[in-house]
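Below are two complexes that have chain A in common, paired first with chain B and then with chain C.
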Partner chain A sequence: MVKICPMSIIRYSCRFAGLNYRKVNRALVRSICLWNGCHRDENNRGGELNVNTVREKLSHMVMKRGSKKMSKRFTPYMLILPAVLGMLFVHFIPMLWGFIISFMDLNIYTVMDWIKAPFIGLSNYVEGFSSVTTLGQRFFRSIFNVAYYSAFTITLGYFIGLGAALLLNKKFVGRTLVRGLILLPYITPDSVAYNLWRFIFQARIGILNKVLLDVGLISDQVIWLVGNKTIYAVIVASVWKGWPFTALILLAGLQSIDPELYQAAKIDGANAWQRFKYITLPHLRPVTRTLIVLNILWNFNAYNQFAVMLGTDPGKYAEVPSTLIMRQAFHHLEYGIGAALSIVLMLIMLLITIGYFYYFRIRAERKGE
Partner chain B sequence: MSKVWVRVVLTVLLVLTVASLAMAKQTQITFWAMNNAPSEVNIPWMEEMAREFEAETGIKVIFEEIGWDNAWQKITTAITTGEGAQVFQVGTTWTPFFAATGGLAEMNVKDYGGSKAFMEANYISTTLNGKCYGIPWIAETRALFYNTEMFEAAGVTPPQTWEELITVGHKITNVYGEGTAIAVAGTNAWDLIHNWAIMLWSRGGDMLNADNTEAIFNQTPGVQGMEYYVSLVKEGLAAKACAEYNQPQADSAFINGDVAMVFMGPWNISGIENDNPTLPYAIAEPPMGPNGRASFSGGSNLVVRSNAPKAEIDAAIKWVEFLMRKENLVDYTKNLSHMLPAKLDAFEDPYYNQGVWKVFKDTLSYATAYPPLVEWGTIEGIIDTNFKNILGEYINGDYDTAVVKKYMDSAVTEINHLLEK
Partner chain C sequence: MMKRKHVKIIQQVLFYLAVLLLVAVVLVPYLWMFSSSFKSTLEIQGMEPRWIPHNFTIENYRLVNEIVPIFDYFKNSLIISFGTMIGTIILATFAAYAISRFRFRGRNFYTVTLFSTQMLPGILFLIPYFVMFIWVQRTFGLQMRNTYHGMIFTYISFSLPFAILMLRNYLDSIPQEIDEQAMIDGCSRVRALFRIILPLAKPGIAAVGIYSFIMAWNEILFATILTGTQTKTVALGLLQYIGAQQSRWGSMMAACILTTIPILILFTTMQKHIVEGLVSGATKG
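Let's look at the complex of A and B:
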């Protein structure tokens, strides 16, 4: 069973950075001991830092003055407090505001004194999906578009990432360097990367059409950035941008697999494909699951790639909820309706996430994982 | 020893604080304007003006150039959050919208010679419910720029009607190849609607009915105008890539000498002077439709943000007055941006009665402005969205009159719903 704990994260990052894990570990223990003003634990001669030692040391540090019993109970809360505060101010309070705004008549006339905007119940929701306007229709179309886009982006990104992770898990000269280099697309700022892709896809001056024309694959300039091909242009750019992250996480997953398993399988006569199928894939399952949930959430919220490559109004075939809501709320100053649409989008994503986890829990229970 | 250091550090800090407080006493405002002239000349001119203004009034003005494509966003944010520039340039059609938010300070037009001192359409654009929220600064209209050398080689003269434009275009493409006759803007243009508007008006159509309660552009003139626009690409007069262009891309295709015609405004003259001064070009009035000629009246107003501190509002108004002085306005429009001054006494300068300026002056005489409605920005957005969808369907190959009609009807339904509210 693979369990992600702080120590394993330290271990993976050490491996990834090519550092000696034992040395790092010993240094960590020493610094914690020094900070704590205590000597090295006699029972822990090797200096192996495990979860319990860290927990004990930290609780000792945090609650030095309080009573032992209280400290034990409060330590976890103290440790999680900064993160909770951050989440509260950055996520939950704005979300709550969004929820409140979705019931307010907040538009161009009321925005200057928006706290005093009148409450109008569910009108924004009714208005957003009214049959008189095309807004609701466009919203559902945008959900379809983003689902289509996510399906492609996540699948392609996953397989490219998996391939790269498998290659990088092999031993070769300059492995650390290559591992750093593959992160380049991931660390390129969005606007830079997507602007470059926009240039690449431009019909008249773009390099893609030039190459395709030279090779003879097309005989006439293809217009990539208008009409129903637009979404594929964005998918290509997003896959390019996103696969290194997948590779990085899968690589960490691969490194947690005990090499002895492979040796044992080899002795039993399993070939490379069988080893991959029966050892690698099952061990990557937990990390894949998390990865896919993260990717679904990120891609459903995608804004940058669409806005940079296609403009704030990407057109019917590549309209996604974020661009639609952005225009509705911030361009037409219909904040109320924009907030209502956001809440609906959030509910849809919540359903997807819950459904996804529920499905895997049922499956895991059936398999007795 | 350490106590001495603490004292030294504290004294230094105190001195610095006092000094910075003394410096902060000077009022400082930020001015946002678009690149009405190429940035290389626009920014130095504004900075020079700011220095002159500071010497005169002691108010420091910081100039920041913003692009038309993100101006709407930046200004909305400034108005709603109360952070950002105190005084800025906004498009004429945008002014009622920003005024309706309550974010613009009321201006006293009497200080500028009264409402009659400005071009009528530009002045109307600054008003909402009888109050004035901006000062008309520059006026613009679009005319047909053509490449005289290419016209000569093809043996044609500037087209007088829209049908003639097609025949002239074919003669040019016969000589120079497909897509060389004209450049038009496509889905990436934020100002797509302006180009179609003149095709609509010259066919006798209009955007809204007389009392601005209903959209009527989905009637025959509008549909025909739209089909005409697409036909420029369909018939090979404009490059297929135009479907994804923004206006500057269309402009530069002409300025580089690749295409023979384009609809541009006076501000593009400085672009030509800067990028390709040897381009042989001339300017003609827009072609006639069944209903005569039509042109687009636009421009920009100077507005002041109302939720700034009083001292900054006063400073901003002084800066507007300074920019509107005849010598500054004439200098900026004549020598720099090549826009047209929206103030009549500056526009009466004999300079505008000769050469290309005469063409713009004549074109402006029958120019139509969009209705000064609060909802206009949203209406423009709805039309643009459907316009882009029509271009998208053309690229997909699913294009016919029914498709054009379908998207225009959908835009009209949406706009009528908006106007009902």
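Let's look at the complex of A and C:
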């Protein structure tokens, strides 16, 4: 560490700026003295500050701090700086920028020089979020669709995950192997998994219709990927891809429960259902809450499954906000409206999350009383 | 006595059936993928779907690069994913070390920010990010779209929040006395970090690296917009097997298997640590 006395820094910068060093120094010292609660020299009757002593003290103090303590205090900031910068440029600046863009008429003609794009106030929001325009209607429909899809996916995924976690919490031969195996859908790349399901759901050449026909559940080939059944196809694929994560987290929750609790309950004569209801469920509650919030957020943002299985235009029955925004921005090349819609989407999600936490806090408070 | 024994046996059988069902639900789609990758296009299109191929053929694997230049996409994905992995490891290690070992002003705020960025929708960033890329290119002449560095930068920043939190948890599990001891013995802090903490944290760092690799390998949304013909990743390339003129499901399934294999190998080697990271990320959040 090179030790530079701050005073010499001040001297050099004064010379550089063409200022009177002595005047600057005196003003500086005075202000620092005031800051530190005024060291007045008793010998100095006029109440003048004894510049020399203070300067000495000050330079001593700053020297000590400057070389060792200051650098130590800055170390953590230096360490997180690169990560902060990266996130600044990818998360925070674009977020602000998106907010600005959402008030602009930014389209294919103006995108090359975005600063010159005309400000049009709220009209992007009005067009995207009204029940009169076609776009507004599609957006409302897409929000309904995504809510419907999320409700199904989360509920199904949760119960399958819970069942699997309960099964895998018991000891049996090959448990480690099965635990590893069930993670397969989770780690399979989205693109691979949803392309595979797209193949399975093909009407004529897919295996699903064949199996259902053989079993006798349907009498005709069902067209899954066009029309009003599309959303169910996506739900099935998403549940298959998503439940292992739920199972994994719930399993971790189950393992943190003290086994003595179950033994004690058994001795007291509680049956299996009672043990589940009064021990397992309450202990899983916090994990469940986090899981559901995470799942709501992920499913409301779902893009991959819809885009891979149904293409960039999934049709009226399976349109979700993400696909709508993507099309609006990058096919119709209206970036301003796209940005406005994505901000509305974020606000809706924020409301849901806050409402969810609020609801549980109120319930918890009521229970606590 | 006998009756109770019977009940127990039935319970056991039911239990194993349930486990079997679970495994079947997971594996059956893969079975279909695997068997279809050995079928000819004629068989897939012309005959009734069957679990076992009529005529076993490896044509799909031989011709996997024929219609779609999937090997080029593999190369792109490898470059981008490795770049992301290395960048994430370096930045996440520094940041996680800072959060784990220093008490500084803004530390809690920073941690909360890390958590909250994970909650925001990707689509929210995509449009302004795209406009930003265009702006950077026009003002600084630095091309960002359709380049490796643009994608690597994007993905590093994406994987950072989770990577930092995961690595922080790992570093927290290494007792602080170890680096204090090293510093008393005359190590500087930097030396203590590189000589003592990093070797101890190797598994955690590997898990973080693999996590970011998988993230970059699988990402679709940003890759759709920000990559072009020269940087298209394999996740997008898979979609090209099905076109308006022809549908090569067999080749696509073969390509799907090839795409999954690297991820599978990486995940299995580091399964324990990644799973731990996932669990603590969800439960401690």
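We take it that the second predicted complex is superposed on the first by the 271 of 369 C-alpha atoms of A that agree within 3 Å, B and C clash if a C-alpha of one lies under 4 Å from a C-alpha of the other, contacts with A are read in each partner's own complex, and residues count from 1 in each chain.
In this text, a residue touches a chain if its C-beta (ideal position, glycine included) is under 8 Å from a C-beta of that chain, and two chains touch if they have at least 3 such contacts.
Here the structure is a predicted model, which is why all the values come from computation and not from measurement.
Trainee: Counting only touches as set out at the top, which of chain B and chain C does A:338 meet: first, second, both, neither?
Mentor: Only chain C; A:338 stays clear of chain B.
Trainee: Contact-wise, after the overlay, does A:192 reach chain B, chain C, both or neither (first, second, both, neither)?
Mentor: So A:192 only meets chain C here.
Trainee: Quick one: is A:146 in contact with chain B, with chain C, with both, or with neither? Answer first, second, both or neither.
Mentor: A:146: touches no partner chain.
Trainee: With the two structures laid over each other on chain A, which partner does A:76 touch: chain B (first), chain C (second), both, or neither?
Mentor: second
Trainee: For chain A, which side has the bigger count of touched residues, chain B or chain C?
Mentor: If we count touched residues of chain A for both partners, the winner is C.
Trainee: For A:250 in the superposed arrangement: first (chain B), second (chain C), both or neither?
Mentor: neither
Trainee: Name the contact category of A:235: first (chain B only), second (chain C only), both, or neither.
Mentor: In the superposed model, A:235 contacts neither chain B nor chain C.
Trainee: Of the two partner chains, chain B (first) and chain C (second), which one does A:330 touch, if any: first, second, both, or neither?
Mentor: So A:330 meets both chain B and chain C here.
Trainee: Figure out whether A:108 sits in contact with chain B (first) or chain C (second), or with both, or with neither.
Mentor: It touches chain B, and chain C stays clear.
Trainee: Which residues would you name on chain A as touching chain B in one complex and chain C in the other?
Mentor: Touching chain B and chain C on chain A: residues 111-114, 202, 330.
Trainee: Can you list the residues on chain A that touch chain B in the complex?
Mentor: By the definition above, chain A touches chain B via 108-109, 111-114, 130, 132-135, 202-204, 220-221, 223, 225-230, 310-311, 313, 315-317, 327, 330-333.
Trainee: Touching residues of chain B toward chain A in the complex: what are they?
Mentor: Listed in rising order, the residues are 72-73, 76, 79-80, 97, 100-103, 186-188, 239-241, 243-244, 307, 374, 377-378, 381, 384-385, 388-389, 391-396, 410, 413-414, 417.
Trainee: Would you mind writing out the residues of chain C in touch with chain A in their complex?
Mentor: Going through chain C, the ones touching chain A are 15-16, 18-19, 22-23, 25-27, 29-30, 32-33, 36, 44-45, 48-49, 51, 90-92, 94-95, 97-99, 102, 104, 107, 110, 113, 117, 119-132, 134-135, 138, 153-154, 156-158, 160-161, 164, 189, 214, 217-218, 220-221, 224-225, 234-236, 238-239, 249, 252-253, 256, 259-260, 263-264, 267-268, 271, 275, 278-279, 282-283, 285.
Trainee: Note which residues of chain A are touching chain C in the complex, please.
Mentor: The contact residues of chain A facing chain C are 73, 75-77, 79-80, 82-84, 86-87, 89-91, 93-95, 97-98, 101, 106, 111-114, 163-164, 167-168, 170, 172, 178, 180-185, 187-192, 195-197, 199-200, 202, 205-207, 210, 240, 244-245, 248-249, 252-253, 286-287, 290-291, 294, 297, 300-301, 303-304, 307-308, 321-322, 325-326, 329-330, 335, 338-339, 342-343, 345-346, 349, 353.
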